[in-house]
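The two complexes that follow have chain A in common; it is paired with chain B in the first and with chain C in the second.
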Partner chain A sequence: MSFQILLNFVIAFVWMFLNNSRAGITFVIGYILGILILFILRRFFSERFYLGRVYAVVKLLFIFLRELFKSNIAVIQDVLKPKLDIQPCIFALPITVKREWEITVLANLITLTPGTLVVDISDDNALLYIHAMNINDVDETIDDIKNTFEKAIMEVSRL
Partner chain B sequence: MKVNDLILQTVTKVVAFIILIFSIYLFWTGHYTPGGGFVGGLMASSALVLMLLAFDVKTIKNVIPFDYKMIIATGLFIAVATGLGSFVFDVPFLTHTFGHPHLPGLGEVSLATASLFDLGVYLVVVGVTMTIIQTIGESE
Partner chain C sequence: MTEIVKYGAAILIILGALLSLITTIGIIRLPDTYTRSHAASKSATLGIMFILTGALLFFWAEKGYISARLVLGIVFVFITSPVAGHLISRAAYYTNVPLWEKTVQDDLKMKKEASSVQTVETKQKMPQHS
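Here is the complex of A and B:
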């Protein structure tokens, strides 16, 4: 990923030198041409074409915004109810992501969406302990997190 | 009891760099906008303190092998030297000057000797803060 971006920058700079121009628009044109070259020769790299990963990051961002909106509405409903009938609980979520940044991003996404809060990580980095404000079905919540956030994060780090 | 600091350490590895670049920005813009050597130095030492919180003292000493007392001395020396430099031009102590030299590739920049004095302030603030915190942290 980073090597491909660096290569794309080098191609853009070479394009600037060939054109004898220091303008920003020349760099942009060279960068777009570099994207085309890298896309045609994408089989040479051990990793996948880097724009696919950029697309996955943007998708993760939009999934996060959608979930934030939805869960905030849910918390507003809980707050405005005349009777407090919440069911707090702490459950363990087994995670399949391995790298440090993946676990951190997943934990922060879970914390930033209201109703759930990451309390702790187990010592072998295999379980997240999550405090939920209003829970009716543990398995359903686990599946929900796994299908949205974890899938999107794994899509980003896929080779 | 041992806790798993994974999230704190991972976030620190990213955020410390952002705090450091913000401290350099505060230092640079101190002449025309709020900021300067003191706030910049405090911000830089806050990045170092965040690293000390996330990791332990030994690790940070290996990463940043500076003696903070020497940093205090260096900062004081720079500040005094900018003051003594005014004697060379037969003007009173700590008289500062500025100019607008043309640098290749950058065009016209305004450089002032007061920024060197500010660099001394910056280094003294970083050194003093980190000396205080490390001395308190190491005493059992």
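Here is the complex of A and C:
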């Protein structure tokens, strides 16, 4: 991905040299032309076209924000309820992502999800130990994490 | 237009202050370290983000000045506070801070016991090596 971005910058600079102009707008035009050229030549790269990955990162960011809002509403409900009827527990979640940055992003996402907090990671990076506010919806939470977060992270890291 | 943005900024700042207040109530009301860490790592993050966004919008509307440092501050708080919550709760667990008595399930216990057995074994072996 970084190679394609670098190549795109080089194309934009070549466009600026061809036009003999140093204005920012020339750079933008050159960059857009570079995107077109890279898109046409996309099957010569070993990785996929980089804008797809950029789109996946933006999507992940929006998932982050959405989960932050949802978790705050959940915490407010738990805290301001007159009767404290939470049932905390610690459960283990098997994860499929392997690389360290993926696990870090997943752990951060889970911490910002309603009612869950990552406490520890097993030594072989296969299990996340999560402290949950309410045991009733543990299975639902696991499904949620599997379907939305891990999928979104794998979408980013896919070649 | 600037008036609308100013009112939006005011609403954001009030919301952020309210969220910080609710975080404080949560820290007082919730029973143990881990549940408190829930409240602290989530509501405080969003509260601070709201207040900083409100300040950003206000200075943009009032002075026409977009402060890059506020944007950076929002990003840093967003990235670091879940990690802080994780580290505090992990440190609490490994220094034997008790869970609340109504806690129903504890999968982490097995791992902790296994690792503590291991450390005891290595401690027993140490004198033989030396």
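Heads up, the rule we're going with is that the second predicted complex is superposed on the first by the 157 of 159 C-alpha atoms of A that agree within 3 Å, B and C clash if a C-alpha of one lies under 4 Å from a C-alpha of the other, contacts with A are read in each partner's own complex, and residues count from 1 in each chain.
Definition applied: contacts are C-beta pairs under 8 Å (C-beta built on N, C-alpha and C of every residue); 3 or more make two chains touch, one makes a residue touch a chain.
All figures in this text were calculated on a predicted structure; none of them were measured in a lab.
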First, second, both or neither for A:37, with chain B first and chain C second: neither
First, second, both or neither for A:101, with chain B first and chain C second: first
Which of chain B and chain C A:54 touches, first, second, both or neither: neither
Which superposed partner A:119 touches (first chain B, second chain C, both, neither): second
Chain B versus chain C as contact partner of A:14, first or second or both or neither: neither
Between chain B and chain C, more extensive residue contact with chain A: C
Common ground on chain A, meaning residues reached by chain C in one complex and by chain B in the other: 107-108, 118, 120, 122
Contact footprint of chain A on chain B as seen in their complex: 2-4, 6-7, 9-11
Residues on chain A engaged by chain B in the complex (per definition of touch): 100-101, 103-104, 107-108, 118, 120-123, 125
Complex contacts: residues of chain A adjacent to chain C: 64, 68-69, 71-72, 75-76, 78-80, 84, 86-92, 107-108, 111-112, 115, 117-120, 122, 129, 131, 133, 135
Footprint of chain A on chain C - complex, ascending: 19, 22, 25-26, 29-32, 34-35, 37-39, 41-43, 45-46, 78-79, 82-83, 85-86, 89-90, 93, 99-100, 102-108, 111
